[in-house]
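Below, each structure is written out as structure tokens.
You will see chain A twice below: alongside chain B first, and alongside chain C after that.
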Partner chain A sequence: MKPLLNIENLSINYMTNKKDFNIVKDVNIKIDERMKYGIVGESGSGKSLTSLAIMNLLPEVLKIQEGSIELNTDSTKDLANISKKEMRKVRGREISMIFQEPMTALDPLYTIEYQLLEVLKIHKTYSKKEMYKIGVDMLKKVGIARPDQVMKDYPHQLSGGMRQRVMIAMALICQPKLLIADEPTTALDVTIQAQILDLMNELSDLHNTAILMITHDLGVILETCERVAVMYAGQIVEESTVEKIFEEPAHPYTKGLLSSIRSLGNKSEELYSIPGNVPTPDQYQELGCRFATRCPYAMDQCFNQEPLMYQVQDDHLSKCWLHVEEGRANERSSERTRS
Partner chain B sequence: MYAYIIRRLLMLVPVLFGVSVVIFFTLRIIPGDVAQTILGTDATKESLAQLRKDFGLDRPVIEQYITWMSGVLMGDFGESMTTGREVLPDILNRFKITFELTILSAILSWIIAIPLGVIAGIKRNTKTDFTVRIVSLLGVSIPNFALATVLILILALTFSYSPPVGYVGFFEDPIRNLQIMLLPSIVLGTAMAGAVMRMTRSSILEILRQDFIRTIRAKGAKERLVIFNHALRNAMIPILTIIGMQIGVLLGGTVIIEQIFSLPGLGQLVLTSINQRDFTVIQGAILFIAFVFVLVNLLVDILYSYLDPRITYK
Partner chain C sequence: MREVQNVLEVKNLKKHFPIKGGVLKRTQGYVKAVDDISFAVKENETFSLVGESGCGKSTTGRAILRLHEPTEGEVLFKGDNLLDVGKRSFRLMRKDMQLIFQDPFSSLNPRMTVKKLLMEPLLTHKLATKKEAEQKAANMIEKVGLSKEQLDCYPHEFSGGQRQRISIARALIVNPKLVILDEAVSALDVSIQSQILNLLIKLQQEFHLTYIFISHDLNVVKHLSDRVGVMYLGQMMELATTDKLYENPLHPYTQALLSAIPSIDPKEKKERVILQGDVPDPSDPPTGCPFQLRCPMAHERCAEEKPRFIEKEEDHWVACHLYEE
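This part shows the complex of A and B:
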């Protein structure tokens, strides 16, 4: 079975006449049908760029430098290499996207009805009446109590939570195979956050939609996802199932992230945070590991040579020199036991 | 909404009152004398005094103002001191020409400016964009009279054209009317187009950066839909502000263009009446221009609320 979405060696560069530097590097992600996949990382780690690359919505100055984004629906397409026309058929119909800011993600001049049904008008050929009915049903599904009223409303008349519900309705109305949610709850109140996450989970099960959840919040990952990729400075540093990442984190960065949220729950301990700041793309090291400058375990070779993705255990990858060292140590110890 | 319109119309009263006071008293302070204009330089002191008395100019200024104002309130703007004709019908006749000139120039400017501004915005920093920006800069900075003169010269030299003399109403002879109005409209339209183009470009750029544009693209919309249904419509709000200001100003008459193309518009009326110190005509015309200006502003505000559901007036 081919995965629904297969991103291989994706690299994104900032490219103008004057400058050219790498931002996202060597991203590999496989999402199966109906899977809930998470990307987690601090601000600036390249999560949004990865998702925009899938949608072919990168800003002009950013270009896919390398790699493929294979989408397997009725046919197989490489979204990194697709005509604009073909891509328009994918957007909103096979893959749709919800953004972080519900307050600004809707056009202020049009009613919810117009904006909700616009997706249907673009991709389907229903009659006006049918479309309206589908729209109202969809609003009901996302938990909007008075759908007929909300259809008539303008975005400014709705609260942030309501708008995000409308965004979800809009994203799912054509029953896409994949829903990309880029920080869908970050801008919302804590109580609303949980409701929106539940709603997304529920609807994705109902419609057999896979989810790519992008967040800086490990709690959101734990609540929604099966697999997770941890991103740092434009690269995936660790990838596995959610259980393995939470229970046996391998990469020093993941460990740091986890101890910072665990210390949150534990009042007696001092609040842990990873020392230093996330580097900006122009500060990325040409050689070596991008995390080395902040890593408590950094060794000489971490500054000179980029580590590979290392299989630390079954179905668990981590990009760190330590594993090689451990491996050697293990090899040595196993040699010793053998002799 | 209606309550709002009525309130805005009521606000006209203090505005127009202010304008009337300022213009009335200013006219009586500046030097110059209508009697002198009419009777010429050889007139005797007695005859000048007699004429001024006939016009009521010898009475206290406050009294003159009250007399004039009570007439105006009844819709009677008085008679011209130089021609003896009624002021209001004269103003309205002149205004028709100014109005037509304004509308034609405005439409011409939109036809050029809005599409070019949109294209420049979409193709930011390309050759097309730079060309459009230079053209619009020229449009804004070339003085009207210079453009008018150059146009007339070019047409005169190539087609032995000469500016038509006299005005023919649109409903009398539409073709002749347009022949007369086209050139001045092009000149005025060019100047307006420059500003509208710049505003269109910058607001399209601004809107295209907004999150909701990304949402629409993510729906799979064609670029045409993104630009026309969403970007341009949102960009229209600031564009409307510029357009409203331009129209408001132009409806007050364009002295230079009316002179060059010998169009008997409002601008000409004001100019000649000032030269002759024809107080009743000046007062009436200025009051009328202020009225139209405020009305245009009201119209623009109403249009805002049609364009943008967030703007509501109560």
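This part shows the complex of A and C:
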């Protein structure tokens, strides 16, 4: 069976008259139906740009340079190469998206009713009464206690958690096949975050919706996803199931990231930290690995040749030269048994 | 003897913001951002305040420094009540208490070089001549892990983590006793966050600093703090040493808060306490215990009577009817 969403060799460039540099490079992601897929990375890693590319919402200066984004629903479409009119039919109906900041994503001048039902008005042919009923049902499903009242409210009358619930209701009201959630809980408090993640899991099971979760928080990934891609400086550096990434991380960046979070619990130790700073796109190396300057294992090769994606185990990819070199690879596995 | 050890003592601190409305801008009510909280901070320790947004943790930090003039209460700094001191002499005292903000992008003046930024506090407090200040700035910048060559750069030339290093250098250059860190690492990426935390710990030992660390990130707080206070709707719900709080949280709110942190260990599947509802409107808080509307253990008494803040066991305070005799 074809995957629901198949991104192949996606590269995005920043292009103006003066400058032209690569930001996202060679992203490959396959999401099956009903799958919960996560992309994790720090700010500037290109995770949000990848999701915007799927929705055809990239800002003017950013262009898809290469690659395809294939969406297989009733028909097969390449979203990297689609007319605006066609795309409008996809957004909200087949793929929908929720954003980090629900206050800026909702229009302050319209009631929740208007904004919630707008999606239905565009994509479906229901009568007004039917639409209202579907809207109220949807609000109930996202755990809003007084749906009739909330329909009449304006966004500013709702709390952050409620707004995010409304956003989820809006995103799921047409029962899309894929829900892209871009840092959906970053602006929320932990107790509300727990509620929202719980709700998203529950609803995606109920409606058979696949989720693409974009976040910087590995905890959120573990909580919601089955598979995960780790992004660094515009590239996927490691990709596997969540269990494998957490238990046997292969790429030095993933390892560093996990160690720095895990040592947080340990008070006596000095925190593990990855030295240096996240590079900005104009600092990306033309040749070699983009993580090399911060990598504790970096070799000469890492600075002049871009690493390939290696299959380190079944179903586990890592983009690092360490996996070829026999000696190093063994050293790492012995390290793993020691810990 | 105990008084001597405490660098800072906060007693019954209140900060109420008036809500003005109508044509005449009359006061219609109050938001009780901080409502009667007390705690003491010992020398050389890290005391953390945690809670969700709107719980009053930042307001507490600012009220201590009188950036928000407290409504009521006492703030004793090494025995002197800061709230009795006149504005002018308070300004002199302020060099002993520094504040580091969350957003290193907005807290540094973009038109000043790093050197000027670092020299400014020394010159304002007349602690050094220009030449000495220049020397001190050069020393300080190396202490925070940047190089002397970067003294002539402007803030926009630095990344977020580096800017936070500059903010730290700027706060520490006047040799303060107490540093209040308001969400100081929240805006940083994970890999940078741990660098800054290590730096903060190193500098604390080197300069014998006392930290008040305000944060919503319970993992970071656990790593850094000696004692932790949990706030909810302007009130202190629980206060204990870090180990006691994380291993044996007493208050139902603390329990829920701790269980809500997404786990990073795939083997650890924890029992979740998922709280219903949102934090109530602080201008119209519930009667009795502020947490009673969301509390899974609430009973009748919680709506009627505000629980007292009691010391349940040594160094472990809690405000909950479950633990009152």
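Rule of thumb we're sticking to: the second predicted complex is superposed on the first by the 326 of 339 C-alpha atoms of A that agree within 3 Å, B and C clash if a C-alpha of one lies under 4 Å from a C-alpha of the other, contacts with A are read in each partner's own complex, and residues count from 1 in each chain.
Definition applied: a residue touches a chain if its C-beta (ideal position, glycine included) is under 8 Å from a C-beta of that chain, and two chains touch if they have at least 3 such contacts.
All of these numbers come straight from a predicted model, not from anything done at the bench.
Superposition note: with chain A as the common reference, chain B and chain C can be accommodated side by side. In the superposition on chain A, A:E247 makes contact with chain C only, while chain B stays out of contact range. In the superposition on chain A, contact is made by A:N277 with chain C only, not with chain B. In the superposition on chain A, no contact is made by A:M138 with either chain B or chain C. In the superposed model, C is the one of chain B and chain C that contacts more residues of chain A. Contacts of A:E118 after superposition on the shared chain: chain B is touched, whereas chain C is not. By the touch criterion defined above, A:L49 reaches neither chain B nor chain C. In the superposed three-chain arrangement, the CA centre of chain A forms the vertex of an angle with the CA centres of chain B and chain C, and that angle is 70 degrees when rounded to a multiple of 10. Look at A:T104: by the touch rule set out above, it reaches chain B but stays clear of chain C. Superposing the two structures on chain A brings chain B to within 5 Å of chain C, judged by their nearest Cα atoms. Touching of chain A by both chain B and chain C, each in its own complex, is seen for no residue at all.
Chain A makes touch with chain C in their complex at residues 42-43, 159-162, 189-195, 197-198, 216-220, 222-223, 242-243, 246-247, 256-258, 260-267, 270-275, 277-278.
For chain A in complex with chain B, the residues that touch the partner chain are 55, 57, 88-93, 96-97, 99, 101, 104-110, 118-119, 122-123, 154, 156, 167, 170.
On the side of chain B, the complex with chain A involves touching residues 210-212, 214-222, 225, 230, 233-234, 307-310. Interface residues of chain C, counted against chain A in their complex, comprise 52-53, 159, 161-162, 189-195, 197-198, 201, 216, 218-220, 222-223, 242, 256-257, 259-266, 272, 274-275, 278-279.
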